[in-house]
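Below, subunit A partners subunit B and then partners subunit C, in two separate complexes.
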Partner chain A sequence: MNRWSIADLSPQALRLLALLAVMVLVILFFGTQIDRYYSTRMFNRVSTSVAIMALIATGQALVVLTRNIDLSVGSIVGFTAYAVGGVVTRFPDLNPAFAIGAAVLTGAAFGAFNGFFVAYARIPAIIVTLGTLALFRTFLVEYSGAKSIITADLPEWILSLPRTNLFSIGNLDIRLTFAVAVIVVVVVHLAVTRLRIGRKFYAVGSNPEAAVVAGIDSRRIVFLAFIACGALSGLAGFMFLSRFGNITVVAGLGFELKSVAAVVVGGVNIFGGSGTVIGAMLGAILVGLLDASLVRLQYMSEFWREAILGFLILAAVAIDSVFMRRLFAWRYARREKLQARLSAEGKAKGE
Partner chain B sequence: MNNVSKLCIAALVSAGCATGAAADAVMAQKGMKADMVLLPKFLGILVFDQANTGAQEAHAELENPGELLFVGPTPENSVAGQIEIVTTAATQSRDAVMISNNSGDQIVPAAQAAKDAGAKVVTWDSPIPSGEAEDVFVAQVDFASIGEVMAEMAHSILGGEGQMAVLSATPDAANQNSWIAAMQDALKADMFSGIELVDIVYGDDQSEKSYDRALALVDKYPDLGVIMAPTTVGIQAASKAMQDEGLCDEVAVSGLGLPSEMLSYTLNGCATEFALWSFVDLGYLTYYTAYLMATGQIKGEIGESFVAGRMGEYTIEKDPTRENGLRVLMGPFTVYNASNIEAAAAE
Partner chain C sequence: MNIAETGVAKSPLQKAVGHLTDWEGFLLAVLLVTIIANASMSDVFLTVNNQINLFQLSIEKIIVALIMTLIIINAEIDLSVASMMGLAACAFGWLFHHDVPIGLAVPIVILIGALGGSFNAFFITVMGLPSLVVTLAMLIGFRGLARVLVEDRGITDFPEWFDALGQQPLIGPFPLALLIFFALLVFFIVVLHFTGFGRYVYMIGNNKEMAVYSGVAVNRIKATLFIASGTISALAGILFAARVGAVRGDVALGFELDIITMVLLGGISIFGGRGTLFGAVFAMLIVLNLRNGMALANITHHLQTGVIGVLLILSVLLPNMRGMIRQFRESRASAKS
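Coming up: the complex of A and B.
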């Protein structure tokens, strides 16, 4: 029996394939609706804007894998963008590595705050991070004293960052920020799938009791997941600063919805334990693609775009759960049938 | 009599009395107590902070023994937060509430409650559209003239012919909406027949959203010549987007911006021309208006004149840009370009 069938692929691989198929369909659809849709400009738009969201989605995916959720990512992005912007405005000669490190550490500190309450105080993540969503934003409002970070005050190296091209394929620019995001995602993906500690994220998410029995310190894993999510959001905050320059207290508002959408659409199970970081990045790309495309639809009103994002989350979860249940039922039935036939053949031979 | 002459001596120092028109204009009597609240659309935008600076200046100058609070909602909660703050001001029996309204007519019940509790409701920057529950609106400039100036800037940038798109703040911002409407009216004139307004999009006064919207406009309309952003956040985000994508030669950015924030873009040619008024002055004038009303020195009726310290004399009039409502018109505004921006940014 070496007939290959698509149904033999792992659910993970199937999810990624389905996602790619949806992406192709989306691109084909918008191609018929929008003039000059297939342009290198469009590619550059999506790739540069996705760089920030892919990082946040990666962090979110790590948290969701452990059966939790982080709703405070937007506030973390906003705060780090502002704080680091303030520091480099005051000290323009600061070493870039230090500025980036400060962003990551600031984010990680916020993540540790979340993680402490979720992992050790045993408060549900949705409550903790809903609270810190408002709390971190209020820190920002207080800290900023109603002043904005202004593009003109930022050092040149930060301003030129989003324009920096790593290399070009024809007219397709691969910008530095996009490349960095992809590298980070791949590294995190490898760490989660290949390292011993990475596998523990899946173990804790898929069955916390069994994980504890197996000797895994599940609290520590959840704590680490939040720290990692905070650190990645901090890095995203730095990229946000370099891309938009002008940072007000509204920076990063609403990113929690987008990141959760990217993660769920990317095939990470919202109940934890399954999904991939690569999937989350593809989810972020799909969300970014829709965002960039819908804006260009003549008949699409401003107010509907958020609604479509919400619909996408619902559809992804619903289709995933229905489809996966069907798939497992079908596989089970096929195996039963196969076994029945094999035993019937065996009997026939025996006679 | 003694009192009046003392006042006029004090006023002689300021511009108002020197004009000689002070005969029937009310001179502010200092040192009367009024607890006041200055409410921006939301916290964290530089222009509102500047308005607060102006209001604090007037507060100190008038030696008001009462309190001046600068409170605003957090950005994600602007509409509900504004209503809450006005309601709180009513229950705390503040004497004046100064609102840059971001809540459309939804603010009316709360503002009415504040009025019923004895507060004067003075709007500034952005009025209550229906004019209900509002004593007077301190208008930065004549709304119709903002529309004309935007049309003229587009005309001069495009050389008389081309496509223009608008990148606004939130879809329900009363001030931006009426400026855009005024600009659409102005565009009907023969002089502007070569200019086509192709789209109006909203960046919600968020840098990231405005940046993406600006790029989408460029992609959507390949012949676009100018993006008009009547908001300080939008104009800056659009300028940075054009600069990052190397599009400044094709698409110019214009609208309303702060010189200190726009300096580099004006000098490098991404935003050659834009306009604005002084938000410090707006806060200062708003404070004077509210103080005089809260202390009963003026009643808030059409035709009343008063002297607002260093800024001179103002008169309350019917607001011609709304069906109902009164206004105090500040004006004028300044058009900035490479010739004057450096001096303005240094201020």
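Coming up: the complex of A and C.
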């Protein structure tokens, strides 16, 4: 009874371990299938593309935790990438900090727009963000006047950013953008799990009525979640600009559903209240890893990639649901047994 | 009007009008304003050709929006419809290229739609996963299968009679797709508003637990709706192939958002249990007329989409504001007394 068992871990910790285990298996599997899979190039390609999606997935996770959804993130990423690209093209000597700050603030402003209508005008999040998905993209198209941002016009510091190394572990280069994304995710994770205001995100998501009764201003929390999601999407938009350089009006198209997929694979409950931000990041990494690996698979046509990805996402969610149900049933049975034994012992002592 | 008349049983039409909620009345007003504005701006707007053309341009979307209405009233969602349309169109093209006669290819493709719908239904009802998650995964999965079938090719060499079926009028001025839409519209109005099945759809949408404990076969009804959704999406995919006369991997890409927007604009609650097909039809007509009118006025497609996005937010904001104002008045009145 006193023996420590892996099943004593919290469901969330188990989930993270399972995700890591799946990731290791995926890496081992593709290592046997693809020549020179364990190369620095592969690592860099996955890590720089994951950096963008991990940030968006983190924002999406915050919103989903509060029992909402943000379908406008793709349009926010596209708009900020284009707008900041336009500004630095015109003013190449601009301070990088200002450009990044502008991206984050632009995203936050869009997020506040969403948050206001969801939290204070009480419109379901799916309706508001379905509307702003179209609206923000329209802003982008009107603002761009059908012109594109071209790599050649961008200042050197932005273009060199994705190639900037922070440090290297052996042969693996940890790129600055990837490190920033991981740090942001860890900070957000600590904030929602350790800070009082962070716990309120979970409270509002798991039971909105109870949260209000407990004296939580749930509207403010939902508002904040959307602002944070917008700000993180804005930062992701900046990274998108630095990674791709060429920005057209379709930048970030479809990111909303990809981020929801990453969040769901990461074990965040789509109905709010449970899941972790780290999980969302691992989900984003897993999806990105599969995406990049399936492309390199020689014997399989590249056209299978999307189909396999879709079915894998469904499999991940289905297995997770079955596994968690089993776990809870097993724990419940164990507790019942324990209680029965304790009460039997108590009776024996009483007599 | 005399007293005797009020005693007469209401005709179905009067009943239907009686069903209209305030919101649907508002939609009707918006629709009339749009039509009048369009008609005054352009001479060709009210011609039969333009009216048919207006339907034809989005006919596949409004066909799928009919079943989507039932699914959302049932408090579920199907994000995979557009990918299923793409998969159906591509499967049709693939079969056609492999010398399967069209008369056989069409039923096979519709069967694929039913199978895809059953696949969704299995994970939603038996596994108990949220439909948002299942159909999101299949939005990616079905689209992927569509790309596997046609890769980066385009299939355009359908026989002339097939293209004509999608483009030319069949009976009077009406093309086949429009006739199918009207037939399905009548069918779904009857099913949703005049049968027990329809009442169950509302009941489950309002309170699933209550429906379960009342002995309603909740899973069977949900499964029926998702299988119907897959089947109708597949049919819409074939109609798309016939109308455009070409099939590519990105057929109907992103249509799911337009379809859901139309349904929600029609006053159908995203939380289920509320809304009618009449509202959905008004919303379809508004979206079609707005887009058509704006296109006639040379407003770009993207700006049209933005306008519809704003309309979607307003469609919930306005009734909410009315509720808030009423609440505010009541609280003031109770404070006075």
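The working rule: the second predicted complex is superposed on the first by the 331 of 351 C-alpha atoms of A that agree within 3 Å, B and C clash if a C-alpha of one lies under 4 Å from a C-alpha of the other, contacts with A are read in each partner's own complex, and residues count from 1 in each chain.
Here, a contact is a pair of C-beta atoms (placed from the backbone, for glycine too) under 8 Å apart; a residue touches a chain by one contact, two chains touch by 3 or more.
All values derive from a computational prediction rather than experimental measurement.
Peer 1: After lining up the shared chain so the two structures overlap, which partner does A:245 touch, if you call subunit B first and subunit C second: first, second, both or neither?
Peer 2: first
Peer 1: First (subunit B), second (subunit C), both or neither: which does A:303 touch?
Peer 2: A:303 sits against subunit B and subunit C alike.
Peer 1: Please work out whether A:130 is in contact with subunit B alone, subunit C alone, both, or neither, and reply first, second, both or neither.
Peer 2: Second partner only.
Peer 1: Tell me the contact category for A:343 with respect to subunit B and subunit C: first, second, both or neither.
Peer 2: neither
Peer 1: Looking at the overlay, does A:152 come into contact with subunit B only (first), subunit C only (second), both, or neither?
Peer 2: Touch partner of A:152: subunit B, not subunit C.
Peer 1: State whether A:45 touches subunit B only (first), subunit C only (second), both chains, or neither.
Peer 2: first
Peer 1: Is A:171 in contact with subunit B, with subunit C, with both, or with neither (first, second, both, neither)?
Peer 2: neither
Peer 1: Would you check which partner chain A:141 touches, where first means subunit B only, second means subunit C only, and both and neither mean what they say?
Peer 2: Once the two structures are laid over each other on A, A:141 reaches both partners.
Peer 1: Do subunit B and subunit C touch any of the same residues on subunit A, and if so, which?
Peer 2: On subunit A, the residues that contact subunit B in one structure and subunit C in the other are 134, 137-138, 141, 249, 303.
Peer 1: Subunit A touches which residues of subunit C in the complex?
Peer 2: Residue positions touching the partner: 79, 123, 127-130, 132-134, 136-145, 147-148, 151-152, 249, 257, 260-261, 264, 270-271, 300, 302-303, 305-306, 308-310, 312-313, 315-317, 320-321.
Peer 1: Which positions of subunit A touch subunit B when the two form their complex?
Peer 2: Those in contact with subunit B are residues 36, 39, 41-42, 44-45, 49, 134, 137-138, 140-141, 144-148, 150-152, 162-163, 240, 243-254, 291-292, 295-296, 302-303.
Peer 1: Okay, in this complex, where on subunit A does subunit C touch?
Peer 2: Against subunit C, the touching part of subunit A is residues 71, 117, 121-124, 126-128, 130-135, 137-139, 141-142, 249, 257, 260-261, 264, 270-271, 301, 303-311, 313-314, 317-318, 321-322.
Peer 1: Subunit A touches which residues of subunit B in the complex?
Peer 2: So the residues of subunit B touching subunit A come out as 40, 42-46, 48-49, 52, 72, 74-76, 171, 201-202, 204-208, 211-213, 215-216, 219-220, 222, 233, 236-237, 240, 244-246, 260-261, 263-264.
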